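In order of appearance the chains are A, B, C and D, and numbering begins at 1 in each one.
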Amino acid sequence: MDFDKNRKIALRELSESLSNINEKEAGEFLDRLLKSRRIFVAGAGRSMLMLQAFAQRLRHLGKESYVVAETVTPAIGKGDLLVVASGSGKTGGVINILKLAGKHKADIVFITASSSPSPEKTVSLIVTIPGVFSSRQLMASLFEQTLLLFCDNICLALKGRLKVSETQMRKNHANLE
Amino acid sequence: MDFDKNRKIALRELSESLSNINEKEAGEFLDRLLKSRRIFVAGAGRSMLMLQAFAQRLRHLGKESYVVAETVTPAIGKGDLLVVASGSGKTGGVINILKLAGKHKADIVFITASSSPSPEKTVSLIVTIPGVFSSRQLMASLFEQTLLLFCDNICLALKGRLKVSETQMRKNHANLE
Amino acid sequence: MDFDKNRKIALRELSESLSNINEKEAGEFLDRLLKSRRIFVAGAGRSMLMLQAFAQRLRHLGKESYVVAETVTPAIGKGDLLVVASGSGKTGGVINILKLAGKHKADIVFITASSSPSPEKTVSLIVTIPGVFSSRQLMASLFEQTLLLFCDNICLALKGRLKVSETQMRKNHANLE
Amino acid sequence: MDFDKNRKIALRELSESLSNINEKEAGEFLDRLLKSRRIFVAGAGRSMLMLQAFAQRLRHLGKESYVVAETVTPAIGKGDLLVVASGSGKTGGVINILKLAGKHKADIVFITASSSPSPEKTVSLIVTIPGVFSSRQLMASLFEQTLLLFCDNICLALKGRLKVSETQMRKNHANLE
C-alpha cells in the first residue's frame, strides 16, 4: 500500500512547510495570544477542527477560549482575539465572521496559505503558511497538518511564557470523558 | 395532512406534561442553578439538543455554562452543577458521566421521564416529567418538548431572580453569526 | 418562583403561535420534504439546535438528512432541500448559506418570524411564524419553541405519508449512546 | 520564543512516532476500511477532532462516514466499521461505545498509544502508536499529531485503491461554507 512512501512524502512536506512559516509572524501571534483577554477561533471543515484542537489546548493552559458557533460562545469584543484559518483565504462564511469581529473591535489573526487572501482591513496579523498548494497529499491536508503542528508549537512556547505546570494543565483537562 | 389535528394533539399533551412537573422540584432546581458556580449539561440525541438550548440561554443570563464534550468544556468540580436529561433514565453514556461528576464532587440534577431511573446515589435532585410514555407523538418527542419548555420557564424565573435586563441579555448574545 | 404563571404564559403563547402558521405553507413544506432526495438544515444559535432535532428525527423516518457545518455533510445539489430558520430573517451567516445553496440549484425552505425577511430570490417557500415578537418570554424563545413543535407536527404527518413503523424508527435510532 | 527549537522537536518526534507504526497493522486497517459498508468514528477531546478530520476526508473519497454523537449518525450494525482512538486506551466513554458497537456486530479498529489498552474482546484490530509517552511536547499532542498524519497517509493509499479522482473529491466536498 506504499504506506512507507506516503509517510515519507508527508513528513518531508510538513517539515518544509513548517520551516516556511515566518518566525517574526509566529512571535507576533504569540504576543497577541498572551495579551488577549479571551481567544475565539473560527474556520470551516478540517481547518476548523485543527483550530478547535488549538482552542482546547489553550483551555488547558488556562486561557479562556471559545469556538465560534458552539453552544456557549459569548459575544466578542474589545480585548478579545479572533483566530481564523482558511487555506484559500476566501471561504465565504469565514470572511463574514471576520467582518463582524472587526465591527466589534476584536483583534484578528488570519492564518492562510494564500499570498493574496481577501480579509477585511481589520485583520491585525496575517500568518502565512506558504507553499502548500504544490503538495502531493490530498486536497488541503498539508495546510491542515501544518496548522495543527504550528499551533502546537505556539502552545509549547505559551506554556513557558505563562509558567503553567503539567499538573495544572491536567487539572484543567475535561474530566467527564 | 391532518396538520391541525397533529397540532392539537401536541399542544394538549404538552400542556398536560408541563403541568405534571412537581412545582417543588422545579423550585429546588432553580435554587441549585442560582447557587452554582458553573453549570454543565449532558445528554444524548434530541434531549441533549434541548439542554444545549438551555445552556445557551443561561449564558445570555450571565451564568457560566458548558456542554459536556464540546471543545472548551473545563473540568467539573465542587460548586459546579451538572444537569443531565434522559427520558428512559438509562442511557449508558449519560450514566457514565453521572458517575464521573459524582466522583468530582459536582452537584447533579437529573431530569427524566422514568419513575425508576438508574442514576448513581450521587444525584442531588431528580426532576420527573411524568406521563410522556403514553404520548401519541413520535418516540420521545413529548419528553423533549416538555424539557425545552420547562427549561425556558426556569430561565424566565431566573431572569427575575438574577435581575438581568433584556439589554444585558442581548449584549451577552453571540455576535459573530 | 411564579413557575405556574410562567408555564401558562408559555403554553398560551405557543398555542397561538402554532395556530398562526398557515396550513397551506405547512402542506407545501411537507410536499417538498417528501419529494427531496436529501434534506440539509442550517441556522444559528437555538434555532439551529431545533433544526438539528428535526434533522435527527428525519433520519429516524428514513430520510437522508445533514446539518450544515457538521463533519460529514456532503455537497448540496439539484434534488436536495435546504431548510433554514432565522427568527429575524436577517442572520448574516444564514443568508450566506442561502446564496450558496441557490447557486448549487438546491430547493430552499425558509422558516422565519419576519414579515420582510431578506432571503435571496432563490428561496422556493417561506413558512412564516407570525406574532412571536410580542412574546413575554425571553428573547426569541417563542420562535424556537414553535419551530420545534411545528417540525415535530410535520414529522408526525411524514410518518403517515412514508408509512414508516415505530419498529423501523427505533431501528434507525443511533445505538452507540 | 524558541519557535525554531520547538518546531524541530515536534518534527523529530512525529517522524519517529509515525515510523513506529507497524506497517502490517496499517495494511490491515486499510483493508477493513475498503471492505466496510460505512465507517463510524469515536473518541474524546483532541483525538476525537483528529478522527473527525479523518471522517470528513473519507466522505471526500466517497466512503459513507459518521461521527458518533453528531446529529445525523444512524444505528451501527453488521458490515459497518467503528474506528476509535484513545491515547491512554482507557477513556470511559470510549470503552462504553466499544462495548455497544460489539453488541451490534460492528467491526472495530482501536488506535491507541497504550501497550495494555482495556478494549473489549470484540475489537478486531489494534493499531499501536508506540513511544508517544516520552514526548517533550504538551500532554498527548504527539499522539494526536501522529493520529492525524497516520489517517492522512491511509487516505492517500485509499485514493489509489478506490481510484477516486481529485475532481470527484472536490465535488464531494461541502459547498455551503
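Heads up, the rule we're going with is that contacts are C-beta pairs under 8 Å (C-beta built on N, C-alpha and C of every residue); 3 or more make two chains touch, one makes a residue touch a chain.
The structure displayed is predicted, hence computed values, not measured ones.
Interface comparison, A-D versus A-C: the pair with the greater number of contacting C-beta pairs is A-D.
Centres computed as Cα averages put chain A at a distance of 33 Å from chain C. Averaged C-alpha coordinates give centres for chain A and chain D that are 21 Å from one another. Counting partner chains per residue, chain A has residues 44, 49, 52, 56, 69, 71, 92-93, 97, 100, 173-174, 177 touching two or more of them.
Under the stated contact rule, the graph of chain-to-chain touches is complete, every pair of chains being in contact. Chain contact summary for the complex, chain C toward chain B: residues 1-4, 6-7, 9-11, 14-15, 18-19, 23, 26-27, 30, 44-46, 49-50, 52-53, 56-57, 60, 91-94, 137-139, 141, 144-145, 148-149, 152-157, 159-161, 166, 169-170, 173-174, 177. Contact residues of chain D toward chain C in the complex are 40, 42, 52, 55-56, 59, 65-76, 82, 97, 100-101, 104, 171-177. Residue ranges of chain D in contact with chain B, taken from their complex: 44, 49, 69, 71, 92-93, 96-97, 100.
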